[in-house]
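Attaching a single structure in structure tokens format; questions to follow.
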Amino acid sequence: MLAQLLQFLFSGLTVGATYALAALGFTLIYNASNVINFAQGEFIMLGGMLAVFFTQSGLPTPAALALAILLPALVGVLVEKLAIEPAKGAETVTLIIITIGASLVIRGLVQVWLGKGTFSLPAFSGDTPIEIFGATLLPQSLWVLGATACVVAALWYFFNRTLSGKAMLATSYNQLAAQLVGINTNGVLFISFALSAALGALGGILITPITLTSYEVGIMLGLKGFVAAVVGGLGNGLGAVVGGLLVGILEAFGAGYISSAYKDAIPFVLILLILFFMPRGLFGARVTDRV
Amino acid sequence: MSLLDVKQLSIHFGGVKAVQEVSFSIDAGIVYSVIGPNGAGKTTLFNLITGVYKPTHGEICLDGESIVGKSPNELARRGMARTFQNLQVCMNMSALENVMVGAHLRLDRNLIKAALRLPSLARRDAELREEAAGLMRHVGLEQYIDARADSMPYGALKRLEIGRALAMKPRLIFLDEPAAGLNPKETIEVDELVRKIAASGITVVLVEHDMKMVMNLSDRILVLDYGKKLAEGTSEEVRRNPDVIAAYLGAHA
Amino acid sequence: MFKRAYFGLYLVIVVLAVLPFVVPNSFYLDLATRMAINAIIVLGLNLLIGFAGQISLGHAGFLGIGAYASAILPTHFGWHPLLAMGAGAALTGLLAAVLARPIFKLKGQYLAMATLGLGIIISIAVRNEADWTGGPDGMPVPAFGLLGFELSNDKQWYWVVAVLLAISTWATLNLIDSPFGRALRALHGSEVASSVVGVNVVRYKVAIFVLSAVFASLMGSVTAHYVGFVTPNLADFGHSIELVTMVVIGGMASVYGSLIGAVLLTALPQALATFEGWETVAFGAILMVCMIFLPKGLVPTLAARFGKGG
């Protein structure tokens, strides 16, 4: 009983950490620009696929992984420069379509370049499972959780203790006011996309040894990251992390105890319930419209 | 019995007490003005009475019946109309259509009849078009009858909002700074328009910074300061009130 | 302005009437039929997205309900196709109404999330309930017949769909220039202004959401009978996006934009099929370029350029 429960918890936390990183990516971009970036999932896919490609082409692992994070960050910047900036001020739907267009281009290019196959990465420190109360924990899960924790801590430090981080926060509250006090809001947009893409890619790399990857994994991972961001109250960084872990855990429990066929539906059922009963997510602030 | 009775009305946003225990009543058929420095809570008061905000506590009665918690569209049904300090014009529609929307509650809003464009509905819409054009002339917008709302200048949009509110055939109209940002000539036109509205028997509640306009027009004036009622009375009474003088001219006056 | 709006309708009717006599072969007639079906769905979706300003990223889910109702109910329960179609539409309407009430108290992004979620749940259910739906492989749909007359060949289907499209276009034009339609557009322009003139904002949003969902469901049924086969792809997220794209590319809040958007995006995959493997990239690139350079969509942008109302 306990062993099974723990087992589901472990796998839920592991995949939840990936959702959390994706949700943080959504949150960063949403705060900087009010855009829901539907290409976020493709950054996750890019991270995994590029890590596979670079390691298979013989690069030493650290270099391969670094490239697999930097390249998606570059792609993120390109998306921002070529697609989001020129369309500034467009309606929400228009911006959503633009990011969907970007995601199709990224996915399509990877499909042409690396094919439709499914790939894996060797685990970072072996496959010998660790046993805890009868449940097994893969060493890779520790990598996922540890790296996510480090990233969250670093982001927290960045946003609360550094001037650039505070500038980014200020921009999310009021873009015009931020501009007036001399913050380069375009720079903020630029950094947000680079950072979001890098976070997504990192998640993609870490999870690939466990779940495998292919050119089309980005769709579902991205949508679940979006769910996680909304669960936490869109725009709330801590909420995104909690939302990601929660979505991952509930998905694992749902798959284990209810139906594995409906695993992918669980996050969406969850979000509908939350929107029904807590319309602004778990941590969303109540906002009064000014008229 | 007064048309509108407000008792001990308060609203808090977090720690900010935007309106505190304000009471007053408005008789039917008069021009009632609300004045006060920026941030005194005038617009918040309008938002409370017209149902856009829910008060933290207090009572608002229309015809002696409580209307607290009623939504704006229910209040519209009871004859309340308003304009907005920062414009709320539908920029995706023509100027004339903006006025036509004001007549919403007086029309047959049936979806099926609309889709089939039944002759009765089409006829009523044609009449409404004429009526709305007439209203636009009435508020001084004759040259914009065929214009798109997003091509109109600021001063004209202010009057477009008044036209839309009048299309409701209201009993009570709240005008939130109708002359703000207008030049002196336009201000005089708005002054005349408000007189015409009042003369037609509609009760007018006015928020305005232009003191000359307020003093000339108003039957009674409510003065707010920091969300509290500072004074209330005829323009003569308010003008002489020492608290009002202090608030407007600074403590050492 | 509005008398002129109806000129386009006559043009649409003429084109629809002439088309079957000028298309070279049945491939193009089939393409035209699918364009017309999509156009009807997009007309409804544009009322929601373009006119009322509300986003839905899950309309393919509603389409899927209609399609599978028309497949499952006659096959497994022997229902008459017309009854099945009605049942699908009723279920869709009910689901949309139950979902919409709480959701429409929220703003855009949350609505996008909720509709997206519903669509995905429906498509996953369709994939998993293989006993009823045939699972990922799909299932055949019985022919559509009424009063002993069976719709079987392509020409008959074309005429049925063409008439439906003409009626839908006419009804949509009527609707947007009516008290109901003005209220819809007004709440897009300013929610608070429309509520203070007496528009019950939530009720109008729910009404148009339900209406557009029911449209999608009915056309899902039509698609199912016309193609004779349903697959889960009909209900997929990707299909929802395709429908929204038709609205946005053609032009939000533009009746004729809906038609143009549907025509172009139905034809596009055919045109791109020659790209062999690059279709996805090309499709994505076209979406981005259109939206960046024509953010209001084709018809409104062109109409503004040539100084006419859309």
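Should a chain be cited, it is by its letter among A, B and C, assigned in written order, with residues numbered from 1 in that chain.
Definition applied: contacts are C-beta pairs under 8 Å (C-beta built on N, C-alpha and C of every residue); 3 or more make two chains touch, one makes a residue touch a chain.
Here the structure is a predicted model, which means the values were calculated and not measured.
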Centroid comparison with chain C (C-alpha atoms), farthest chain: B
Centre-most chain [mean C-alpha coordinates]: C
Chain A-chain B separation of Cα centroids, rounded to whole Å: 47
Whole-Å gap separating chain A and chain C, where each centre is the average of the chain's CA atoms: 31
Whole-Å gap between the CA centroids of chain B and chain C: 41
Numbers and ranges of chain C residues touching at least 2 other chains: 192
Set of chain B residues in contact with two or more other chains: 52, 84, 88
Shared interface positions of chain A, touching two or more other chains: 291
Residues of chain A that touch chain C when the two form their complex: 30, 36, 83, 86-87, 90-94, 96-98, 100-109, 111-112, 219, 223, 226-227, 230, 234, 261-262, 264-265, 267-269, 271-272, 275-276, 279-280, 289, 291
Chain B-facing residues of chain C, complex: 1, 171-172, 174-175, 177-183, 185-186, 188-190, 192-201, 207, 211, 253
Residue numbers on chain B that touch chain C, as the complex places them: 50, 52, 71-73, 75-77, 80-82, 84, 88-94, 97-98, 100-105, 107-111, 113-117, 121, 125, 149, 161, 164-165, 167-168
Residues of chain C defined as touching chain A within the complex: 49, 55, 57, 99, 102-103, 105-106, 108-110, 112-114, 116-118, 120-121, 124-125, 128, 192, 237, 241, 244-245, 247-248, 252, 277-288, 291-292, 295
